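Following this message is one structure expressed as structure tokens.
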Amino acid sequence: MAIFVDKNTRVVVQGITGRDGGFHSREMLAYGTKLVAGCTPGRGGQKFEDKVPVFDTVREAVLNEGANTSVIFVPPAGAAGAIMEAADAGCKLVVCITEGVPTIDMVRVMPYLKERGVRLVGPNCPGLLAPGIAKLGILPASIVKEGPVGLVSRSGTLTYEVVYQLTAAGLGQTTCLGIGGDPIIGTNFLDAIEAFNADPATEAFVMIGEIGGDAEEKAAAYIKAHVRKPVVSFIAGQTAPPGKRMGHAGAIVSGGTGTAAEKKKALNEAGIPVAERPMDIVPHLKSIWKR
Amino acid sequence: MNIHEYQAKEIFARHGLPVPPGSVAATVGEAVALAGKYGLPVMVKSQVLTGGRGKAGGVKFCKTIDDVKENASKILGMDIKGHVVRKVLVTPALDIASEFYVGMLIDRASQRVLLMCSAEGGMDIEQVAQEKPEAILKHPIDPRYGLLDHEALELGLKMCPGDVKKARQLATAMQKLYAAFVAADASLAEINPFIFTPDGIGHAIDGKVSFDDNAMYRHADYEALRDIEAEDPAERQAREANLSFVKLEGNVGCLVNGAGLAMATMDLVKYYGGQPANFLDIGGSSNPEKVVNALKIILQDKAVKVILFNIFGGITRCDDVANGIIRATEMMPIEVPIVVRLTGTNEAEGRALLAKTKLHPAETMDEAVQKAIELAGKGA
Amino acid sequence: MAIFVDKNTRVVVQGITGRDGGFHSREMLAYGTKLVAGCTPGRGGQKFEDKVPVFDTVREAVLNEGANTSVIFVPPAGAAGAIMEAADAGCKLVVCITEGVPTIDMVRVMPYLKERGVRLVGPNCPGLLAPGIAKLGILPASIVKEGPVGLVSRSGTLTYEVVYQLTAAGLGQTTCLGIGGDPIIGTNFLDAIEAFNADPATEAFVMIGEIGGDAEEKAAAYIKAHVRKPVVSFIAGQTAPPGKRMGHAGAIVSGGTGTAAEKKKALNEAGIPVAERPMDIVPHLKSIWKR
Amino acid sequence: MNIHEYQAKEIFARHGLPVPPGSVAATVGEAVALAGKYGLPVMVKSQVLTGGRGKAGGVKFCKTIDDVKENASKILGMDIKGHVVRKVLVTPALDIASEFYVGMLIDRASQRVLLMCSAEGGMDIEQVAQEKPEAILKHPIDPRYGLLDHEALELGLKMCPGDVKKARQLATAMQKLYAAFVAADASLAEINPFIFTPDGIGHAIDGKVSFDDNAMYRHADYEALRDIEAEDPAERQAREANLSFVKLEGNVGCLVNGAGLAMATMDLVKYYGGQPANFLDIGGSSNPEKVVNALKIILQDKAVKVILFNIFGGITRCDDVANGIIRATEMMPIEVPIVVRLTGTNEAEGRALLAKTKLHPAETMDEAVQKAIELAGKGA
């Protein structure tokens, strides 16, 4: 079991004929993901890697191949449009890897998705990897392992770092989910935590936050009220100066809010251990998790 | 990207907001000429990319040409929070009967553009938010409909109860500001204050606009608005090299792939008693040129005593990354010690390559950070 | 009983301080309509006719006076905004009398109302009058009478003509409803007919159509399938030349569609008698209605 | 309100649609000069507010200057369905590789702007709709989002399967046409045909735009676009007097309050064997000046042998209306007989007032119509 994906997940990759889209599509196929179609306007009729049919539109991929999930690698100028196309075509899960999508485009996209009951992961995220089920995005398959731990993070490589440590410690994962570091994202901590809490296979989970916004605080309140599974957290950006964007568009302390200290405080008050160093996450988890 | 007040007001004026006339002067003589053109009294306002100009003495009311001369010569060249004033805005001084705040930003919670307004205009809005949050009205704008007439008017009437003429002017200003915000791909747009003169006419007499960096590709004209002189030279170079970089005050130069890992690395330096010299995300590539650019930027800072690479090889293989770093250090000989931590796919191969160099390999983040701090101490 | 209104209908008039708004508000009050508030920005705090409080916004009228229905008399430039304001403030029925509202404004209004579950009558309509219950709009109270007949019409004075004849023949009305002659209207024939069909007090009803569009045809199909109550119809505009707008923005035969002949044919095929002259409506109704 | 092709194309060009150059000529000499300016071959196209210009010989391809002279002189002054050609558009003739239809109108059913497009371009779209409805693609545009990229591209690809370059040009044209439609407050906007030249470049070579009369107040500039010469003089007067009026071919002049009642009155005239001379809605007022204006317009038509008032006094009292009619007929002496039917509030009082005049009162619509037809017959 996993969150958001299962054995019926049938993926169309938008931008499959691009450099990144092509590379990661091969990786997804290699992992055994049901990547049933690609989409690039003007490339309809071609085959990707001699087997995956490419269509001009997502609608054709849905109608002809039963795609129900899209993974998007199109450039920023077309990313919001690609998300809307996937939603309109009937995909119920859309994972947008693209970095650098203008924020106002995402503002416009969100109600469109809500009206259609579509879950978006990202943009500007590594996607998700449910070991043994499906890889949707760019998380490296080599570092994951099937198991009972859920992981959700706003970061990319910091996620890999933590997954690596979990796997090394023998703690496999139900789903590793990177929700992205932009200010406006489709799936936030709360959504992921609700899903992990409801997923019977997930016995414990890890939440990797960072400065900016108050998604971690909201998650903490939810966990305190609703979650009985062991949770460990980590917050990146303690030393970030205020008013400076730390890479991710959403990683910024502004007006004195969104600081790592506030987030740690909220998490601690909710009874969630916050690791001081990435290497402390696994020991923390082991200490509170009575398997 | 932030722009100056006078530039923000140009955008406002293009969208029909009531902006008083004004021009910038780089010299006292120009300022005096402008004062003559607009007629006294005028305001002489420092144009720097930071707040608190008024408190710092960077905004002055001038009744006479002597006032203009005196204030312009004081303000030009002044240092405000590390920003040197190179230009002043000269604009007619208006009689203020009442002041309001109208601003918009991207709100994560509502996932919309959030309109904020307040009758506590002219003050630092963050201070108002902390001391008197109930004085700020908030309205998330539905992108599907924009800021509707009744929504804007309701807010206007809350700020000017019983004065529908002023309320309508505020409402119109909000709608025009929203149009400007969307058209400009702003991340922040503020009028502070929006004032009424005693005749009941509204004016946007100060303003601030920041652009969404992700949307710069849609606005070729924005590069011309960038005040390159006001930028930190290293941050400018990083921007031009497409690197996410923030300068800090320490001595451990950090090169990390991924923003979250880069922050975690800085935090860990601090945890072990060191001081990071920067935030730098070199991204997912193993391109040696990008590494060279990053090293150049970091090494301009003479405080840097050690370089710390922290790379998680996910999709990119560690041996490729190692080769990239080795080639980069060959292209650009470096005097400070370099610690390299490589983890992930093919990490053993990567470390084997590094072993043949004078680079200091490390297996874990913790080991790398501790080693870097130690080497920084030795170099000092 | 009646459709769309009942004894709990509490009305706010938008534009109550205008000439037409004021005149018709007095008429509505005189009829006993629960006109609880007026709204004109800048006139908040005044009283209309020394008794009805006037507010700056509809929201205040809803909060202070429990208004749940709005009747709009504001000029065309502000009419669409007024409809949205009423809907946003919580009114569930909005009657827009204003003539000359730009069509694209109404296009924008419609999804806004749908999202909020608001019924609009009009624009460019006389509103509705439920004898003995409430008068919302400009239908003359002098010509109506309580009784069992429902009436729905795209027209104004032609409606009065027919109501006049019904009343003269002793046939009182449950509700007289003018839906307006614009191309885009909130409540169409179908909505009215569904409501009349469901209303136990309405025993029979009359539908007054005119050229343009195919609302009458849709209504005919619905009546054939679902309505067992006696229905008589009339269609104005048999002699209208094609391509010319006959007063109402929606009354135009274009591209050979929307003709009176087509509509009559559809109604006849649905078993609905179509009166040749307005004066034939009452006899037709009496002949098919076994009371 | 309808405008000419050349005016529609000016609107299109302002919204970035690929419109070929072109100008209008009112004389053969001007047409020849324009042909020289644009270079041969050119099209000479009659500018009249009706369709079927091509079939009527009002659109000609001209290879030589002699062709231009010959065709311009034939077309200028030509009568097309009752419209006299006063101007021709001269525009370069393009090689047509393929033709498409792209149009938008207000759709009652979806309550949206309906985009229609077809690969059967260049033909009368109403004919295509009847003969080959499956050849027309329809897409109601959600006003909250506009015409989205993927929606437009999907339609473009259906029209140009396998040719994404052309599909993108069509998609862009649709999006620009929608922007033009909304900005112009159109009720109809068509490009027919949108063509591709053999080099694969798209051009909007013919177009039609109608404006929403309700939105004219937002577009002060539209009055200048109105071709007053092409209007029926009576309809122009009616428009200027704010009356809804349509001229017909009969002899019974009708003045009715309310559009529905006015249509029903015309229908009843026909029912009793008469012929209505017009549709006219005088609205709800009893203002004698409005009645005078209406009478003036109707009586310009010398075929009119009788005037029929059919007034339902709802809110307006019948005695007020009767007084208004009496005063109007005093202000403007009329030779044809006048039948007045007044019903509603205070109808007895109203009829009593009329009894003292030479007007012919009637109690019911039927009586009034029959009486009017009878009087019209006598007058003939």
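A, B, C and D are the chain letters, set down in written order, and residue numbers restart from 1 in every chain.
As a working rule, contacts are C-beta pairs under 8 Å (C-beta built on N, C-alpha and C of every residue); 3 or more make two chains touch, one makes a residue touch a chain.
Everything quoted here is computed from the prediction, not taken from an experiment.
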Contacts common to chain A and chain B (chain labels): D
From chain C, the most remote chain by mean C-alpha position: B
Pair sharing more residue contacts (C-beta pairs) when A-D is set against C-D: C-D
Centroid spacing, where centroids are CA-atom means, of chain B and chain C in whole angstrom: 56
Approximate Å spacing (C-alpha centroids) for the pair chain C, chain D: 28
Chain B: positions in contact with at least two other chains: 144-145
Residue list for chain A, restricted to those that touch at least two other chains: 108, 111
Touch-based graph of the chains, sorted into line, ring, star, complete or other: other
Chain pairs that touch, as defined at the top of this document: A-B, A-D, B-C, B-D, C-D
Residue ranges of chain C in contact with chain B within the complex: 41-42, 44-45, 56-59, 78, 81-82, 84-85, 88, 108, 111-112
Chain B residues within the chain D interface of the complex: 144-145
Residue ranges of chain B in contact with chain A within the complex: 106, 108-109, 111-113, 126, 129-130, 142-144, 182, 185, 187, 212-215, 217-218, 244, 246, 248, 256-264, 266-271, 276, 279, 281, 312, 314-315, 343-345, 364-366
Chain A contact footprint on chain D (complex, rising order): 144-145, 148-151, 153-154, 157, 162, 164-165, 167-168
In the complex, chain C residues that touch chain D: 23-24, 27, 76-77, 100-108, 110-111, 138-140, 142-143, 153-161, 164, 181, 183-184, 208, 210-211, 213-215, 234, 236-241, 244-251, 255-256, 260, 276-279
